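You will see two complexes here that share chain A, one where it goes with chain B and one where it goes with chain C.
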Partner chain A sequence: MSYRVLLTLLLALATQPNVCTAASAEPETKLKGAVNEVLSVANRSNSKAAIATGVRPLLQRYISFETMTRRAVGPGWRSFDSSQQARATQLFTTLVIRTYANKFTPGQLPEIQYRAATEPATGRVDVPTTVVYQGNRYTVTYRIEQPGWLITDVVIEGVSMIANYRSQLDATFKKGGAEAVVQSLESSVSKQP
Partner chain B sequence: MKTVVLLSLSVSLLASCATPKVGQHPAANTPVEATAKEKLLKSEATDDLDDYADAGQVNDPLEKLNRVTFWLNDGFYTVFFRPLSKGYEKVLPKFVRRGIDNVFENVKYPVRMANCVLQGKGERAGLETQKFVTNTLIGVGGLVRVSDKINPIADIPAEDCGQTLAQWGFGHGPYIVIPLFGPSSLREFVGLAGDYAAHPANYGLYLYNGNGNHDWMYIPPPSNTLRSMPDQLEKYDAATQEAVDPYLSARTAYIQQRDEAAKK
Partner chain C sequence: MSQRQRKPIDAKKSGHIVDAERQSGTKANRTKWKNLLENSAGGDIIGCPSHHPTMKASKLELIAGLFVAIGIAAITWLTVKLGAGALIGGDTYTIEARFTNASGLSLGGNVVVAGVPVGRVEGIRVDPADFSAIVTLRVLSHLKLPTDSIASVKTTGLIGDKFIAIAPGADETILKPGDRIVDTEASVDLESLIGKMAFGSVDKGGENEAQKPPAPSP
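Coming up: the complex of A and B.
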């Protein structure tokens, strides 16, 4: 490769906005590792239930379920006592893992392309990916945050999982308070999809 | 004719309750109001990075009626659409269904193209045309989506009338659940009517309606509905299955999805 080509290439890379900056390198590497681990578990499992059980410890390492639950509940969270917070987090964790595992069909692995990450705020990196699964294309964006660069949201085709639950749980809280939220989560978890 | 009347009626309705983004009502954008909104959002936030307070929110003055329609639709899906969709998936093998999907999507090119132009997205209009020509010529009339393997035209965001209205500054207006069809808003419903009118699969209806020698014209529109049913039901299930309140979940998911599409 001639120097001129190399130079143009480097220049092009350097002028691309928000691409692979030092800030996003760490969360991106971490995300790729997490996704690869999840895929290998999904590949070994032969049922959706097995995927859910298999990925649980992995997801607990890479996802901040505490942040997810707090934001999914919304401002009502402040009036939850600590046992209600713990129960809500535990139930919501199960719900998220099941929702995630349900997206896989055992034996069929998605093809994932990582696109340029952005940094919408300090301590937050969004990594957009294109997922080709069973012939369909989806845009899936992972929201990753400090401390620990943990995943705090998964946005599929523009639909944020947390925003979706926020609208439901906030409405539930406004109607019946913390207990109603915990109960609604309990009944969702116990429902067999 | 009916569609045109419906369309013009809806446009005038929409215009009366639209929220222009720029210009027309400078008072709506005063810093005081922005701060008040910011304050409200901040008070709703559970931490510094929490920006979910207004995500996927929409005006829903007809919620009671909408919930009833939503519930009736759900029952209708279970009784009619699901068996129909399952039957379709059983009768035709996957590669045939994919081919049919590809043909219908390819033939919808004028809708995407026109909306690129209406939004002033010249480059995207060009890419759409390249994609259409490639898939029609090399992909045997659109049966094979060859464009998937060609990077610049593999993943072009599909424009439609709802997105054009959004880009022109129209807000959603009230949220509406349409019988059988499901989630929509006034703006998106008008957009949908436009898309339907412009979709070449429906051209036969206007060209030959009332002419007994052209009964074939009744085939493409319901075929298009049937072939898209499995995908639509999958989307519906994804939004409702693990929900605490399926109505709110479907509403938030729909609005987020349409807002995201309009941004692209």
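Coming up: the complex of A and C.
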């Protein structure tokens, strides 16, 4: 009898971690697939510009750039009209992809280790990873959200990409409104090669 | 120089000290002081030429004690009020924020929006489920924060006190009392960053050792 109780307890303990990770399993698998796809495209590209154009459709499938732009702009987003919102989203997408594609050297692949994902709220999963690239180790956390388990923020070394852009764009909005934000995004995009 | 030094001493000797000696030196006075000292052998205050010195002394002690007690009470009240952040006027409500690291943050720390203090840190605890830090924030109730607000642990200056900065988001929905902010930035470990810069990273995987940030993949 006591063996049965022990067995049940052991089974319950053994299945416990599976229950916890079940919710984060889908976004984790999706993220790993996305990372592998992006890396293979980047590896095939010859130049940084080619990386940016090559990974763009892929990233748009896995990253919610609309949510990212809305959150990066902050409270001012509500006063943007629909055309300004569309322009801002398009410019922000280009800016993010270009900025990070420029840091990538073609032919050099990063090593990525995935750590245990956490679920801070329902419909939201954080996947912390450790990236080793060109001899340096970085902590990168992907924030993935429902619907669709899309990436909504990337936290590198504890600094959130959205928070970083929000502090800049919100200040621009307070100075010159929606049009100033769009203009500053335009000038940032045109400055880059 | 020596003459200058001698002058005040001479004046003292000729003046007050001599007078005091003369006054207390009388026989009657000596007897009076002797009696007083004998009477107050139990530790009472010397110098009360009364028949009941203990009563007066205890009254004095009582008043002094009362002052000390009031002082301590005032300091305690101020400490508690400042610590709990009750000095922020108006109605308040509490929200929570989840951080991966809340090191350096202390109870009563400031909560700011656009650099303006709008609340205090009321509690810090560890979530036993995933070992993250759950920080309870008490903020002014007229402040309606969107659900996608970002809470960051920031430092005053380079090595100053830690505080929480909230950057309001763009969502239509607002945080209700007891809700949790999950878009957060933990306190940046300055020491480890300096260490990385000073000593470099241990994982020298590639031959190219250029200091470049990682590619956001994706």
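In the analysis below, the second predicted complex is superposed on the first by the 172 of 193 C-alpha atoms of A that agree within 3 Å, B and C clash if a C-alpha of one lies under 4 Å from a C-alpha of the other, contacts with A are read in each partner's own complex, and residues count from 1 in each chain.
Operating definition for what follows: a residue touches a chain if its C-beta (ideal position, glycine included) is under 8 Å from a C-beta of that chain, and two chains touch if they have at least 3 such contacts.
From a predicted model like this one, the values you see are computed outputs, not experimental measurements.
Trainee: On chain A, do chain B and chain C fit together or clash when superposed?
Mentor: Overlaying the two complexes on chain A (C-alpha atoms) leaves chain C and chain B clashing.
Trainee: Looking at A:Arg98, would you say it contacts chain B, chain C, both, or neither? Reply first, second, both or neither.
Mentor: First partner only, chain B.
Trainee: Could you look at A:Phe65 and tell me whether it touches chain B, chain C, both or neither (first, second, both, neither)?
Mentor: Touch status of A:Phe65: no partner.
Trainee: Between chain B (first) and chain C (second), which does A:Trp149 come into contact with in this model arrangement: first, second, both, or neither?
Mentor: In the superposed model, A:Trp149 contacts neither chain B nor chain C.
Trainee: Classify the contacts of A:Tyr165 with the two partner chains as first (chain B alone), second (chain C alone), both, or neither.
Mentor: It touches chain B, and chain C stays clear.
Trainee: Using the touch definition from the top, say if A:Phe173 reaches chain B (first), chain C (second), both or neither.
Mentor: neither
Trainee: In the overlaid three-chain picture, which partner chain does A:Ser188 touch, first (chain B) or second (chain C), both, or neither?
Mentor: Once the two structures are laid over each other on A, A:Ser188 reaches chain B alone.
Trainee: Contact-wise, after the overlay, does A:Gly123 reach chain B, chain C, both or neither (first, second, both, neither)?
Mentor: First partner only.
Trainee: Of the two partners chain B and chain C, indicate the one touching more residues belonging to chain A.
Mentor: Residues of chain A touched, chain B against chain C: more for C.
Trainee: So which chain B segment collides with chain C once the two are superposed: 40-48, 76-84, 130-138 or 238-246?
Mentor: The stretch that clashes with chain C is 40-48.
Trainee: Report, in rising order, the residues of chain A that make contact with chain B in one complex and with chain C in the other.
Mentor: 70-71, 73-75, 77-78, 103, 121, 124, 135, 137, 156-160, 162-163, 166-167.
Trainee: What residues of chain B sit close enough to touch chain A in their complex?
Mentor: Within the complex, chain B touches chain A at residues 43-47, 49-50, 52-53, 55-57, 94, 98, 155, 238-239, 241-245, 248-249, 251-253, 256-257, 259-261.
Trainee: Considering the complex alone, what residue numbers of chain C touch chain A?
Mentor: 98, 100-101, 130, 132, 146, 148, 150, 152, 167-170, 172, 180, 182-189, 193, 196, 201-206, 208-218
Trainee: Would you tell me which residues of chain A are touching chain B in their complex?
Mentor: Contacts found on chain A: 67, 70-71, 73-75, 77-78, 95, 98-99, 102-103, 121, 123-124, 130, 135, 137, 145, 152, 156-160, 162-169, 171-172, 184-185, 188, 193.
Trainee: Give every residue of chain A touching chain C within the complex, in rising order.
Mentor: Against chain C, the touching part of chain A is residues 34-35, 37-39, 42, 55, 58-59, 62-63, 70-71, 73-78, 96, 100-101, 103-105, 108, 110-112, 118-121, 124, 131-138, 140-141, 143, 151, 153-163, 166-167, 170.
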